[in-house]
Structure formats: structure tokens, C-alpha cells
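In what comes next, chain A is part of two complexes: it sits with chain B in the first one and with chain C in the second one.
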Partner chain A sequence: MAYDLSFAKDVYENAEEGHWIKMCMQCGVCAGSCPLGPHWEFSPRQLFQMIRAGKAEEVLKSESMWMCVSCYHCMVRCPRGLPITHIVHGLARFAVEKKRADKDQVTRRFAKILWENMERGGRIGEMALTTKLYMVNGIPDGVKKGMEMKDQAMSMLKSGRLKMDPLHLSRIRGHAGFKAMLKKAREIEQKKRES
Partner chain B sequence: MAEDNTASHTILVVGGGMSGLTAAVEAAEVGYDVILVEKNPYLGGRVAQINQYFPKLCTPSCGLEINFQRIRNNPRISTYTMAEVTHIAGEEGNFTVTVRQNPRHVNEKCTACGVCAEACTTEIDDPFNFDLSKVKAIRKPHMMAYPLRYVMDPEFAKSDAAKMLAEKCPVKAIEPDMEAKQIDIPVSSIVWSTGWTPFDASKIHAYGFGHYQNVSTNMHFERIANKYGPTGGKIVRPSDGKEVKNIAFIQCAGSRDHNYLPYCSRVCCLASMKQATYVRNQYPDAKVTIYYIDLRAMDRYEAFQKKVETDENITWIKSKPASLEENPNTKDPIVIGEDTLTGERYATPYDMVVLATGMETNTALNAKVPAKFVSYDEYGFIVNQGNGLTASGCSTAPLDVASAVQSSTAAALKAIQTVVKG
Partner chain C sequence: MTKTYTFYPGCSSEKKASAANLDISVQSMCHILDIRLNEIKDWNCCSASIGYAEGGELPRLALSARNLGLAQKQSHRKDVVATCAACWLALRETNDRLNEDAEIKAEMDEVLQAAHLTYDGSLRPRHLVEVLIEDIGWDTLKEKVKKPLTGLKIAGYVGCQTNRPFGVCGDSFENPTYLDKMIEICGATPVAFDKKVACCGGALAFSELEKVCGLIKDILQSAKDSGADLIVTPCPVCQLNVEVYQDKVNQMFGTRFKIPVVYYSQLFVAAWGGSWKQAALHQQIVPANVLKRFVR
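And then the complex of A and B:
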């Protein structure tokens, strides 16, 4: 049976740090180092092997690369020096770009909400973020969760750990510059993609 | 050989391990003068510390004794033990080397009668057993040491007790005041065979060597299995002396790893297979597990692997363990990782774990040759240039004994060519 290398090549060239996957020697250190190890469907080692074996759908539809908590254990230990954490995040993004990632994947949803919140004010608006996250599974569920946490929220408000800003109106100083920076970064990304 | 009054015809061999011994006797036996310089108080190098060597599992004496005899019978070889080369000047055909010889505090009159050691009450860590046992401060360097002469610990030599021991020696061989000597020697060519040092396993943080008592290394294990070793050859674990009935070997501990030694050390797979036989021969019911990335029975050694593989009590797991932990109550080391053939995670306790550490060349550590005489590869091994200084054995690559001997025979020929060219 001939191998179809087209998917592997696509990943090597177009996924963030994807070219490193060629270097993996399948030793298993990454899998054994991951605190979430047993909960992944595929370990990093397995993902890398599946990429090399051309299993495009299985990889792109997998939840595995969304499980990484960025603890960097695998990355510091990998004997071949693969930037595994970055590769795994890169694969998640690659799956989004290929329109294969599940829209309801919880990490993906969380990441999106977090990012939008951060982009709005230039820093996290905790109150708005928490409210939004509580409501992801519908308003009744969100209200219930909010009530459960109300004492904690009150004491955080009192001690100044939580700012009263339910509409998320606060902005960092130099917010315009921050926006310009993001715009520029996106342009650079876009150019990289086109070349 | 034609005599020439201007240039020396002598070959200097640095390092008296299997490689240096080979180069020295090969050159001397065809009529060339050889000076052999060895840092330890004995010849034989790392092989002397090995319990049995693959593939035939004979004791090191079978390879070493014959070389010692050839040296003893050959007046062309002058041996300096406890000596190092501190300076090299000149060029091919006309070198001057400076050799520093540290004091042994025991002169050549010593008959190895052992009266001194018996009388000595001070003990030191025994370097030959990697400090795993104690030895008298005046001692035979090890059981089959050549030259067969005692040696005194330099710190102890400063004590009054040392002076009292000197009185006890029936042949007046003990000299607590002996001083270091420095000698300049003209030589024609140089063979550099300074060998290797076991990779320092304590650098591999995730494996806990030095913290977990029952995590050992392969070189320590050679001593543990040896009848002159710290446990008299009984394979028991360090924490409580319990018989080792369930043991794991971890391959590539520090080798093939960009954090440590990036290269394959080439002998450690075979060394673990060999050490598995030590355990299995001693305990017929013992279980052995070997964790590996891929097994490398280099060169012609696959037959040895096939033989070891027939033992059903040996399990092979294709996995580089991620980390080790220790059960605080039993002191059992726990090996943690992913079995790459099944994808399953494991956390398995053993009586003892042996880290198959690799070889670091001494030319990258404390036996460096000045760069103007040699070139080095990226790991510190010497790449020979054919300019009168020829490296051999583990100064050129991680090698097994047979390959080290081959490389050293070749080096002897190179050295002779320089002498003949004049």
C-alpha cells in the first residue's frame, strides 16, 4: 500500500511549527508526561504518527489537540526538541482553518469567548466574561450557576478582586494603539498565509 | 629500526584502557618504544569495572590479563600510572610532552603483602566501586589490579597515621612524603585513548537518580553484580538489601536526547540485555522489564539479543518512560509512561530500576587535547587528521570493546607510520 503523503505535507507546511513533526521518534515521553494524558483520545505522539500516516479526518476532527492545558511538561522533556505544546495548539487552529473542528467543542468556545472579551477592553473584563461563560448552556442554567456563586462574587467585589462592570465598558489606556497592533498582526498573518 | 640521534622514535600512548593497552602492545611487539601514561593507579580502564562482557559473557580478566602479560614481558613499554599529560609542544615526528605523575605514596618495592591495609584503620569511599562501598585508605586499587602495587589516599598521606603505617611495611615501600613529579618526554607520535565517563544520571531530573535510593545506573550495576563489588555480587537493592526479583532497565537514559547527549551511545542496549542475564542467572524466578525506544544491538551482536529474547521472564516495552516516582513506604521506584504499541499509560512499581546511561567522551570533559593538534566533532569526540596525533577507542566514538580494539590497532599503525617517516 502506498502512503498518501499529501496531508502530512500540508501539516508540515501550513500548521504552526508543523515541520517539526518529521522529527518525532515515537518514544512516548510526551504522552507519559501529560497530566491529562489518559483523558485524551490520542496522545501527541499518536497525533504525529496519524499525520504521517495520512489520517486527515481522524486528526482534524479529533478533540485531542483541544485538551492541552499548556503545562509544557512534554515540551521540556521531548528528547527530539519538538515544541509540542505549540504544535498541538497549531493543530487545533489548523483544524479550524480546514473547517473540520467542531463548533461546539468546549475549549474552542471558551477560547473564542475569552478572546473576544479581551479584545474588547484590552484586558479581561471578569464580570462580563463570567456572565457570558455561565450562560453558554442557556439562561436558566446560567442564572442557577450565578446564584450558587453569589457569596463568592460578593466577597470578591468587596475586596476589590472583581470590578463592578457588567456591561464591560472599561478600556485600557492606549486602547486605540492596542487595536492598531492587533490589526497589524492580522495583516502579517494574512500575508504569511498568502505567500 | 634505524637509529637516529636527532629525533625520538618513541610512541606516546595516553590512556591505559582496552584501547590504549592495545595500541601500546601492538606497537611495542613490532619493535617500537612506547610510553604508556594512565591517570588511574591501575591499567584496564572501564573494562576492569565490568562484571562480565558481552557477547561471550567472560570476565574482564580474559581480555585484560593477556594484555598485562604482554606489557610485563615487553621491555619496550614504560608505564606511568597516576599520570597525565599536561602539555604538548612541537609537531608530528618531534613532540615534547609534559607528563605530571601524582604521588602514589607507595614505591616499586611493594610486594602487595597487605600488611599495611590490615593495620590501617581509616576508610575512604572506594572509587573503583563508585563510592558504593568503603575501602582502606591504603589499598590495592582493585582485586586484579595491574600494576600490582598498593596506593595511598593523598589526604590520608598527610596524617600521622600514615607515618606510622610506613613503619609497619616490611620492605619500606610506603612514602607518605612522596611528591608529584613532572617529566618532559620527546616523542615522535601520540595515540590518544582516554576513553569515556558514564553520563551523570543525576542531570536527568525526571528520573530522580540520587533522590530515589533504588534507582541505579548500569555502571553501578556492573559493580553490584560483581563478587568484589559492594554487595559481594549479591544483587540486592540499596534501600533495604532486599533481593531484586522485579527489575526494570530504562534505555537511552540521557542518550539520544537533545537535553543531554544527543547521540546514541551504542553499547547500552547490549549492556542492559547482558545485565538482564546477571539477574536471571542469580534469581531463576526474577522478572526483568526493558523499556526502550528501539533496540540497538550494534554490528554483529544481534545473535546476542536473539539469545536473550528467548527468556520468557524478560518483557520488552517499546516506550521511553516519562518519569519515575517513588512509593514513600516501600521505596519501590514507579516507572511512568506510555506503551507506544498499545497507547496505554502505565505506572508500574519495581524493586529496583537501572538507568542505562551512555558514554560521554573524556575528550569533552577533562582529557581535552589542545585544538591545534586535533579537530572535534559536535559532541567532543576526536576526528583524526593524520598529523601525528591519532585518537582511538572511545575518544573517537562510543564503542564496544571489540571495535575499540580494532580502532586502536589502526591507531598503532598510524603512529608507526609517523615514526618511520621520521
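And then the complex of A and C:
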């Protein structure tokens, strides 16, 4: 049976830094270097080989990419110099674009909440970000989570390292231009995807 | 003579944000060294190491490109200095991509136009640690010491993004030495610390703490085993994760850690004769009481 290369080609051409995957020699240094080893199903090495073997659904629906803590151990150790951390980030984004990423995966949701928090005013509001993240599974669960973390929150407040700003309404002055810039960037990416 | 740099503080260094103690001690440190940090006016967030998922490639890179464009518009200086590991990484990654990829550069020109900005790729993003080592120099850093931290044992925790993928001053990825040298210059003793470049869990400490609590425990255990009185780090995420979750680690693993975690800038201000407040040591969550006998 011949391999179906259409998924691999799609990744090489359309996932950020995806073209590097062709260069992987399956040594496994990335897998051995990853601090989240106990928590992923597939290591970067395995993901890359699965892409070559055309296992689109298994790759895109996997939680493995969302385990990346961006520590860059894999990237500096790869004997072939592949930017592995960025490839894994690219695969996570690719799964989002293809609407295959698990919507309930907490880090995937955190990434969305952080981006929205940042885009709304141009900068992060840490209290609004934390509150929203804790509330992702509804208010009762959020209250429970908030109670679990109340000592941490209180110690941050007391040490002057958490601003009482649950609404996060401040905006950078050039916010209109900032929004226009991001809109333009998304348009260009969209156009490329369609062509 | 005053040395002046364009400065990108980032969200965690804002007033009353999670790394307010980094910013205050950095400002005190730079005051002593006669360094002037000119903040980029109206800077935006870099989206840190989690921006890739929702932002995608071009919008994510546009965030840092806007900051670089503002820096270029506001000053003729080539250096843009960051104190946050993720901010520095994002600036450098974006700058490299713009210089190496003509397609991205052309697209970014169009993107920046929407914000009435341009950026030609010629600025140099640097970490403040690089400025200290390369522009100020080890000798000057040592000459400033008034209260040597004699007898203190310190674990130099470099962490990830101040070290990888770019590295500081060509130092090793596996065993960087600059932080130990800083500890030594302050008169303290750097301990052999085998979690020096280990990961604290980064953003996952926020979203999935149960998965990374073990990493934080290992760092604390290694510091304790090495006999350290405190941990020092350059990174705001390392500082936060290893300090604020100590109680959680203790709950989860039945340990009794209470190890202070301070920034290199706080250590320098203390050793250079600065006050408790100038070093922002009143903003620690695990009190750095071991420094009390040296600081007024």
C-alpha cells in the first residue's frame, strides 16, 4: 500500500515551519529532552512520523502539541538543527485552523483567552486573565478553583504584584491602529490559505 | 557617562503586575550604573510563548514588529533592551524572521502600514543581562559592591528562555555560567545546582498546574539539596512559578519548602548598598529574610 502524502504536503506547505519536518531523522532527542514527557501521548518525533504516514486525524486531534511549555530544550539539542519548538507551535495552530483541536483542552482555551485579553486593550490584564481562565468551566467550578488558589491570589495582592483590575478596560493610545494592523495580518493569512 | 537604551518592559513589569519587583529593582540597578532606560511609548504585549495558538504566524509576529517600529520611530538608537525572557525572545524571533524571510518582510510592511508604521529590520533586541556583561563589564559590576553577601549560598536558576534558543553572550545552553559569576561578584557562593536550566512549567503553570507542579518541586528540591539559602533568576515566569506555588507543592508532595526566589537585579541592588525598598524585597511572597543582615 502506498502512503497518502497529501496530509504531509499540506503540513509542509501550510503549517508554520512545517517544511522542516522533512528533515527529521527520527533520533528521538526531542522526546528525551521534553520535561512534559509523562503527559503527552506522542513526542515531537512521533508526531513528525505520523504526519509522513498520513495520520491526519490522530495528529490534529492530539493533545500532545498543547503540552509544549516552550522551554526550547528540543530545539537547541536537535542534531539536525530543526526549530522543533516552533514546529510544535505551528502544528497546534494548524490544528486550530483545521478546526480539529479539542475545544475543551485547557491550554488551548487559555491561549484563546490570553489572546483576547491582549487584543482588547493592547496589553495583558493579569487579574481579568486569571478570572476568565478559572471560570472556563462555568461559575461554580470557577469559584471552586478560585478558592483553591485564594492563598496565591492574596499573597500576590498583598505583595503589590496583582492589580485590582477585574474588568481590564484600559487601552493603549494607538489601539485603533493596533486593531487595524491585526485585522490586516489576519486578512493576508486568510488570503494565503484560500489560494 | 550615561548610557541610554530604548526599553521594552512588557506586561508583567507594569505597575502592580506580577513582576513589579523586577521592574523596581531593574530601575534601581540602572540608576546605580548610570543607565537610562527610555520606555517605548505606547508599546503592546508580545503575546508571550502562548500567542502562537490563537494568533497564528503573521498576527503574532506583527505584535513585536509594531514595538520595533515604534522604537525606530521614537529613537535613533539601535539597541532595544528587554528584561522579560519572553519579551526578549519574541523581539528577537520577529527581528530574525523579518531579516531572513523576504516574504514575511513584504507582508509585514503592508501589515504595519495599517498602524501607520514602518520597520526596516535594523534594530538589535538585547537582554538587559547582555548589556550588563558586554557594555558595563564584570569589573564595574564588581567595583560597585559595598555589602558583599558573604556566607550566602545561592542557587543560580537560569531557566529556559533567557538561555534558549538564543543564549546570553554565547554562553552554553546546558551549563551557562553568567548567573553563577554574578552571584560570585556579589560576594555570595554559587552552589552546584542541577536544575539550573530546567523548566518551571511556563504558561502551563497557569492552565494545567497539576501537570507541572512536579517540575517546580524538582527545582526546589535540587536547590535544597545543594544547600542554597535562596534562588536567584533572571526570568519573571521562573520567579513567579517557583515562588508563588511553593505552598501548592508542599500540599501536593508533603514537602516543607520555604525558599526565597529573587531576581539578579535585586541581588545586585542589595550588594551595591541599595535599600530593601530599592531592591523591591518588600514585594516578595516568600520573604528573603536571609538578605536582611546585608541590606538597610
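For the reader, a short list of remarks on this structure follows.
Convention: the second predicted complex is superposed on the first by the 176 of 195 C-alpha atoms of A that agree within 3 Å, B and C clash if a C-alpha of one lies under 4 Å from a C-alpha of the other, contacts with A are read in each partner's own complex, and residues count from 1 in each chain.
In the analysis below, a contact is a pair of C-beta atoms (placed from the backbone, for glycine too) under 8 Å apart; a residue touches a chain by one contact, two chains touch by 3 or more.
All figures in this text were calculated on a predicted structure; none of them were measured in a lab.
Taken together through their common chain A, the two structures put chain B and chain C side by side without a clash. In the superposition on chain A, A:R80 contacts chain B only, with no contact to chain C. Touch criterion met: A:G37 reaches chain B, while chain C stays clear of it. In the superposition on chain A, A:R45 makes contact with chain B only, while chain C stays out of contact range.
In the superposition on chain A, A:N137 makes contact with neither chain B nor chain C. Of the two partner chains, chain B is the only one that A:Q26 touches; chain C does not reach it. Of the two partner chains placed by the overlay, only chain C lies in contact with A:L162; chain B stays clear of it. Touched residues of chain A, counted separately for chain B and chain C, are more numerous for C. Contacts of A:S6 after superposition on the shared chain: neither chain B nor chain C is touched. Closest C-alpha contact of chain B with chain C, superposed model: 5 Å.
In the superposition on chain A, the residues of chain A touched by chain B in one structure and by chain C in the other are 76-77.
The touching residues of chain B, when paired with chain A in their complex, are 206, 252, 256-259, 293, 318-323, 336-340, 343, 345.
Within the complex formed with chain B, the residues of chain A that make contact are 25-33, 37-38, 42-43, 45-46, 76-77, 79-81. Residues 11-12, 14-21, 42-45, 47-59, 62-63, 66, 107, 110-117, 160-161, 164-165, 173, 198-199, 201-204, 206-208, 211-212, 215, 244-245, 247-248, 282-285 of chain C are the ones touching chain A in the complex. The part of chain A that touches chain C in the complex is made up of residues 16, 35-36, 39, 66-67, 69-73, 75-77, 83, 85, 89-90, 92-93, 96-97, 106-112, 114-116, 118, 122-124, 126, 130, 133, 151-152, 155-156, 159-163, 172-174, 177-178, 180-186, 188-189.
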